[in-house]
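Before anything else, here's the structure in question.
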Amino acid sequence: MNDAESDIHVESTGRRVLRELMGEEYLRVKDSRRNDFNDVLQDYAEDVCFGRVWGRDGIDRKQRSILNIAILTALNRTGPLKNHVEGALNNGCTPDEIKEVLLHTAVYCGLPAATESFRVAEDVLRERGLLE
Amino acid sequence: MNDAESDIHVESTGRRVLRELMGEEYLRVKDSRRNDFNDVLQDYAEDVCFGRVWGRDGIDRKQRSILNIAILTALNRTGPLKNHVEGALNNGCTPDEIKEVLLHTAVYCGLPAATESFRVAEDVLRERGLLE
Amino acid sequence: MNDAESDIHVESTGRRVLRELMGEEYLRVKDSRRNDFNDVLQDYAEDVCFGRVWGRDGIDRKQRSILNIAILTALNRTGPLKNHVEGALNNGCTPDEIKEVLLHTAVYCGLPAATESFRVAEDVLRERGLLE
Amino acid sequence: MNDAESDIHVESTGRRVLRELMGEEYLRVKDSRRNDFNDVLQDYAEDVCFGRVWGRDGIDRKQRSILNIAILTALNRTGPLKNHVEGALNNGCTPDEIKEVLLHTAVYCGLPAATESFRVAEDVLRERGLLE
Amino acid sequence: MNDAESDIHVESTGRRVLRELMGEEYLRVKDSRRNDFNDVLQDYAEDVCFGRVWGRDGIDRKQRSILNIAILTALNRTGPLKNHVEGALNNGCTPDEIKEVLLHTAVYCGLPAATESFRVAEDVLRERGLLE
Amino acid sequence: MNDAESDIHVESTGRRVLRELMGEEYLRVKDSRRNDFNDVLQDYAEDVCFGRVWGRDGIDRKQRSILNIAILTALNRTGPLKNHVEGALNNGCTPDEIKEVLLHTAVYCGLPAATESFRVAEDVLRERGLLE
């Protein structure tokens, strides 16, 4: 067994989910930003969010991504929303599904919430060459 | 063509969606509460929410119900949440899926939000004989 | 000058505004609930809210009542909303104006917010014999 | 009847309200940003927000602008707030009225909310040469 | 070693913290309400909230209780707030400290938020014979 | 008595607290930004927030700073949060205490809220040479 394999074998559920959801590069940047202050939050994100919750069956990852687009719109968190629009596309959501979810938030969270989230999603789609 | 058929034919998309989502009884109670003050909101709910948005394809109704459980948890609206947990069950969500969506909100909306929504959902499940 | 007159003359701006907005009975109940724990909040409400802000010119009291109906809907505070729907009626708002303000919140705060506020407002209107 | 006239005649209520509220230039920029992703939101904004709600009588447009300044402060939406401070000035609100509305939010939404909205409003007033 | 001792030794950190914070009776009621639907949330609360976070040093439990009174006021969660006012008193907060924290929220979260939290706290103080 | 002394003697409680909390430079910048539009908010901040509330005994200033870090995280106000992280450090909070408070918010306000606040706090710590 070589080193790379052993690394994979000891990887936590959370890191594996995060890698599959956001990709290698995201994880590499995230790890490079780890420091004595934010280590406790990074561990919390990996263990609790991605390990304990995203790692569960019951609803699939595409469903979790779709939920997050709606939740982060309701909570007015545009920074994390950007990450999860990217994760949603990685998880197989189409731009049309994202559009539909965001229109749905217009009715329930209000038009200003939906307007800001459309703008965030458009930026991601444009960066990926999926719009215009 | 008899009167009942003609009634059905002129029914708006919104009323049809609402009827399929919440059932006859819900619509009957809702109509009986209509008055000179809330008519404008009832029309808005039927035309905009259930006609213009829920009436669309792109994501299915079960998906819209699941979104609402998460959104209403984030927005702290326990009254409307109760209705949409009922709608979710009508739309084919299982208690296990609702449980999974609510656990997901614990991470993103915080534990107090999830705790209150679990309580609301438990009440609905118990009323329907799906719990205990 | 008799005692009653002298009482009126030393009354703070905040208490005078509160009396004019909510009526004698409201103030009497409020005073009877004053205790060693909430005194600091009651003083804050009278001095800061009703004295320092409501006591100002620039926008009139009916305008402040209308603002509060919208703000308390956005903030999801149905208890204080009830008081301010009553204050709005005392300040000369018509039921039709309140209806219009609440419909406006449906677009900006979302339908669940407006639905709960319509329900609160309907209760107040019914108590006053202004509905049904 | 020439083409310009016919254009005006078929314009929707929502576009007419939006034009009167925000001006030609705003509408031109908005239209140029329309794409396959956001078209559904732009239609929603025009039909539901500006057509169905802003297009109503009952409260005037200046009143709706004032409401939005308070609502968007409560909802913590500084981007849309900027647009509606501009709309408020277009609708005849004075800087002193806007100041008064924002001070009112300090009591109900909290000081941090009001502080951020004052900053947004100051930027707009400065751009229009109405401050400093 | 008797059974009681062995129970204590295998108890999770989360359950121990919860027991010390809220008391035996609270834990007994909580356990009796555990079912197939909410078990996942109860585990999350014990492991993540009370084990992983409350179980840490760095700030003491009285400080965590005080934080929660402020946070739950800001988040508008009156149900969980009631529990944490009780926890705060169990953790050594005095009614005067709770009063001071709640007055502080009046400035930052707005008066309606503080008003509702004062009411919740008064109810707890009255139940414990600490008020009136 | 010279002029400087007389200035100090007439300084309001609010300005004194603000000076001690945020430093001379902060107050100087703040005063330089005072204008005909924001004067009413600046007075409100000095008199109500820093004079009437921060000026009180009952809980100390370090406690008030810690509360604000949690409250501003819950309210999603990253601009004011930055100021109060600085104030917290001025008031004797250590980076480890700030870290602990922010981890606490992850459970109650949700991970996205904590993530954004960690980023704001890291920026302040880096500016002060307390991180990396």
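For clarity, chains are labelled A, B, C, D, E and F in written order, and residue numbers in each chain start from 1.
One rule holds in what follows: a residue touches a chain if its C-beta (ideal position, glycine included) is under 8 Å from a C-beta of that chain, and two chains touch if they have at least 3 such contacts.
Computed from a predicted model, the values in this text were never measured in an experiment.
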Chains touching both chain B and chain F, listed by label: A, C, D, E
Farthest-lying chain, centroid of Cα atoms versus that of chain B: F
Label of the chain whose CA centroid is most distant from the centroid of chain D: E
Relative orientation of copies chain B and chain E, as a Cα rotation angle in degrees, nearest 5: 120
Between C-D and A-F, the pair joined by more C-beta contacts: C-D
Between chain C and chain F, centroid-to-centroid distance (C-alpha), Å: 31
Distance between the centres, which are taken as Cα means, of chain F and chain E, whole angstrom: 27
Touching two or more other chains - residue numbers and ranges from chain C: 44, 48-49, 72, 75-76, 99, 103, 106-113
Contacting residues of chain B [partner chain D, same complex]: 44, 48, 52
Complex contacts: residues of chain A adjacent to chain C: 107-113
Chain A to chain F touching residues, read off their complex: 35-38, 40-41, 44-45, 48-49, 72, 75-77, 79-80
Residue numbers on chain C that touch chain B, as the complex places them: 76, 95, 99, 102-103, 106, 110-116, 118-119, 121-122, 125, 131-132
Residue numbers on chain E that touch chain F, as the complex places them: 48-49, 53, 56, 58-59, 63-64, 66-68, 70-75, 96-97, 99-101, 103-109
